[in-house]
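Naming follows writing order (A, B and C), and every chain is counted from residue 1.
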Amino acid sequence: MTKLLEVNNLTMEFGGVVALKEVNLHVSAGEIAALIGPNGAGKTTVFNVVTGYYQPTKGDVLLNSKSVLGLKSNKIARLGLARTFQNIRLFGDMTALENVMTGSDSRNKVGLVGSIIGTSRSRQEESLSHSRAAELLNFMGISHRSGQLARNLPYGDQRRLEIARALALEPKVLLLDEPAAGFNPQEKVELGELIKKIRDAGFAVLLIEHDMSLVMKISDRVSVLDFGQKIAEGTPSEIQNNQKVIDAYLGVVDNAS
Amino acid sequence: MSSIKIAFSKFNLRDSFGAWWENATKKQRIAFRVLLIGFFYALPFLDNPILGTPETNFQSVLFYPLAVYVAMAVGLNIVVGKSGILDLGYVAFFAIGAYTHAILGTFYGVSLWFNIILGAAFAMIAGVILGLPALRLRGDYLAIITLGFGEIVRIVALNLEITGGAAGIAGIPAPPNIFNVTFDVLDPKPHYWLMLTFIMLVVWMYIRLGKRRPGRAWEAIREDEDVAEFMGVETTKYKLWAFILGGAIGGGAGAIYSSQVASILPDYFTLNVSILVLACVVFGGMGNIWGVVAGAILLEYLPEKLRFLSETRILFFGLLMVVMMNIRPDGLFPRKKREKVYDKVTGQEISR
Amino acid sequence: MDFSILWTEFFGLTLDGIVVGAIYALVSLGYTLVYGVLRLINFAHSEIFMIGTFTSLGLSIVFGFTGLEEPLGIVLFLLVFLVMALASGIVSGMSAVLLEFVAYRRLRRRGASRLSSLISAIGASFFLVEFYRLTTESKDWDFPRMLSKDPIFSISSAYFTLDKIIILLGAFGLMFGLDRIINKTRLGRGIRAVSQDEKTAILMGVNVDRVISFTFLVGGVLAGFASTFYMLFYESTKFNVGFLLGISAFTAAVLGGIGNIRGALVGSFVLGLIQQYSSVVLGYNWRDVVTFVILVFVLLFKPTGLFGEALQRARV
């Protein structure tokens, strides 16, 4: 399988504090990879480094075998990395549809002048953005919300809208940061199905999640971070029986599953 | 008392009008537009005791301050309202446009028609020079830098020879006649119509941009710049575009302004102008073009109409900004969109 | 450009630069302290200073000084001056507290955007300037000379006059006092706690509202004292006196690294000197342009200033 996203020897220090130490990760085409670990293990930092928000102290990030180090976040996003956020960050004063269209705009080419004149390409791309966004809202089961402001949406729909917005970039790898946070068990099951559906639609997924039953059920491969270091990697069943992981979680795994 | 306060904070013209507009037929919409535009073109002839201004010539007031400030407010709205970039030196662009026509028109005989474009172009160049480095900074730093920029342009105009120093430039030419309309210092009407046309062009452009990709990019930047960047929005590019487009509008308006007033001096371009324009944007409703236009009209018209306001207008505008931010930060006509709620099962719109 | 004056007047310019820098320092501390606790530039701080100058002026009128009488003896002068400085400090301090209450507090509680707070502060600033413009009739107001400005001694072209010596001693005394307040008192510790991490400070039982009020009070009092020093040195004020002084003091704070108290002091003296030197080289008219250019360059190339805090990433 081709490795879409590779993280090699990643080290991240903040003023002497080591947040990540020589972490190696990869996401292959067609898989759901999960990144788990106790709070403060550095999972979100991984997302912030690969999306270009932080410059790593050492190491490299490859997307489609090409380094994306030093590129701006918007460039990396357009090359094929889209993300969601642990604490939902939507464009609150824009409608759900516009939120998603902002994502699909990144596939478009028309610039400012074209938009003023209203060239045929601009009109074409506008309607394409619109239909793509509507399709994605439908895919996430929230098409009835399209005309509402993002900040007025119920919590669960906001989470779904974030995923729709990220998918609108048509990323190679979708980075989900705790998408199930705050969901009830029923919603978590639905979300699991949805993530599998996203994978089957051709997007590789890198998932940060605290809910172990969800992770173990849908992931193809699981990596475990603890104190900024990768301590284990393997199939869900391998991870569940890994002593190091069990120690790191101090039995949290048993409670959750 | 509290119910009045609630009514004040809840009232939303945009929603009620928006509903009518969406249900209107094409003919109704065209009729509305024609009536509205016609009304504004006919305004100079509607100098009556109710509408007219008691102590100043109504037709002059229509040009300055009304049309001039509406044009600037519309320009600044792209920067502050739509994109959330606080620009406190907007007057600099206005001054650049004004001096462009004053210098090129008076000393080199270049026609206003070129100078509107040149003024806008010079303002854009200044915008790039300042914006390219400055737009990387956080909002409050940017505010200070733009504030400084506004003052620098004024101080430079005060100290250069070509700008005539403190005495400024006099005898700035009006544009040549078109369609039998004579531009004359004594008759402000043609300049008013010219500025009105300029405003309509700008508003038309803004609406096109606003509902398309650039509009979404600007709003996304205003809402959360980091996230916009993660969603593939080239934030630097769009911020710069907002900044220089706003600047170009200020520059164009400045050129027209200097052609009407015929003489300009650095004292016309103080920080007060920037703040008054900002007050118009804030009062009307940041990001809502119609609110901004209405806000500018109200804020510039009332001091002319009500004499006690004209001496103390900055006092009131300052107070107004504090009060608005405290109780109604979205302005008189908020930008909040009219939401459409659909039924989950049938997909029909639910009226609320 | 004329460098010859720069060399012949070098010591005099240096002395004046340090005196002006001391005044900037007291004002820039207000910017930096408020920035520390609110992460906001207090746009109306320059008006707090302006209010102080008019308080000193008002007292000189109340005391009946016209500037035509014989200079006062040093002891009597110090007494009069102390009363003026205290009064300006109190009035400016109270104004700053009131300003925070009116223009910032509600917005902060509501979690309003930074843009809203800035606009509110700018509105307050304009209200104050305009209020003073109307009540002082846009005039330049002269502060009476109560003290002989004959030099006591001189080093080359630097003439040490009593006013300069008083300003330097007074400013250093106030800086020392501020240092004690910040480091030794309960509220001072509160300021430091809120500056470092507001959420944790709340959890630790710090009353943030009180700390913020206190910060504005301290900043305002310092600006009030600075305003009396300013009047002693420049002997004139006007409704818009705060604007350029505020920009200078803010530039000094940024130069030293905003939020950093020591930085604000160093930045103030550096800026005071640069202004004095550059105004003889380029001409006095360009002094403020120089200040702006310094501000722009610092923000663009070293936004953390000389000793600054790294805060570039946090955006609006």
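The rule is short, and it goes like this: a residue touches a chain if its C-beta (ideal position, glycine included) is under 8 Å from a C-beta of that chain, and two chains touch if they have at least 3 such contacts.
Because the structure is predicted, anything quoted here is derived from the model rather than measured.
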Everything stays put except that chain B is ignored; which chain groups still touch one another?
A | C
Chain centroid nearest the full-protein CA centroid:
B
Taking mean CA positions as centres, which chain lies farthest from chain A?
C
How many angstrom lie between the CA centroids of chain B and chain C, rounded to a whole number?
34
Measuring from the mean C-alpha position of chain A to the mean C-alpha position of chain C, what distance in angstrom results?
48
When centres are defined as mean Cα positions, the distance from chain A to chain B in whole Å is 40
Considering chain C alone, which of its residues make contact with at least two other chains?
none
Numbers and ranges of chain B residues touching at least 2 other chains
226
How about chain A: which of its residues touch chain B in the complex?
51, 53, 72-74, 77-78, 82-83, 85, 89-95, 98, 101-103, 105-106, 108, 110, 112, 115-116, 118, 122, 125-126, 129, 143-149, 152, 165-166, 169
In the complex, chain C touches chain B at residues 40-41, 43, 102-103, 106-107, 112-120, 122-131, 134, 243, 247, 250, 254, 285-286, 288-289, 292-293, 295-296, 299-300, 303, 311-312, 314-316
Provide the residue numbers of chain B that touch chain A in the complex, in ascending order.
205, 208-209, 212-214, 216-217, 219-220, 222-224, 226-236, 241, 245, 335-337, 339-344, 347, 349
Residue positions on chain B within touch of chain C in the complex are 80, 84, 86, 88, 133-134, 136-141, 143-145, 147-149, 151-152, 155-156, 158-159, 225-226, 271-272, 275, 278-279, 282, 311-312, 314-315, 317-322, 324-326, 329
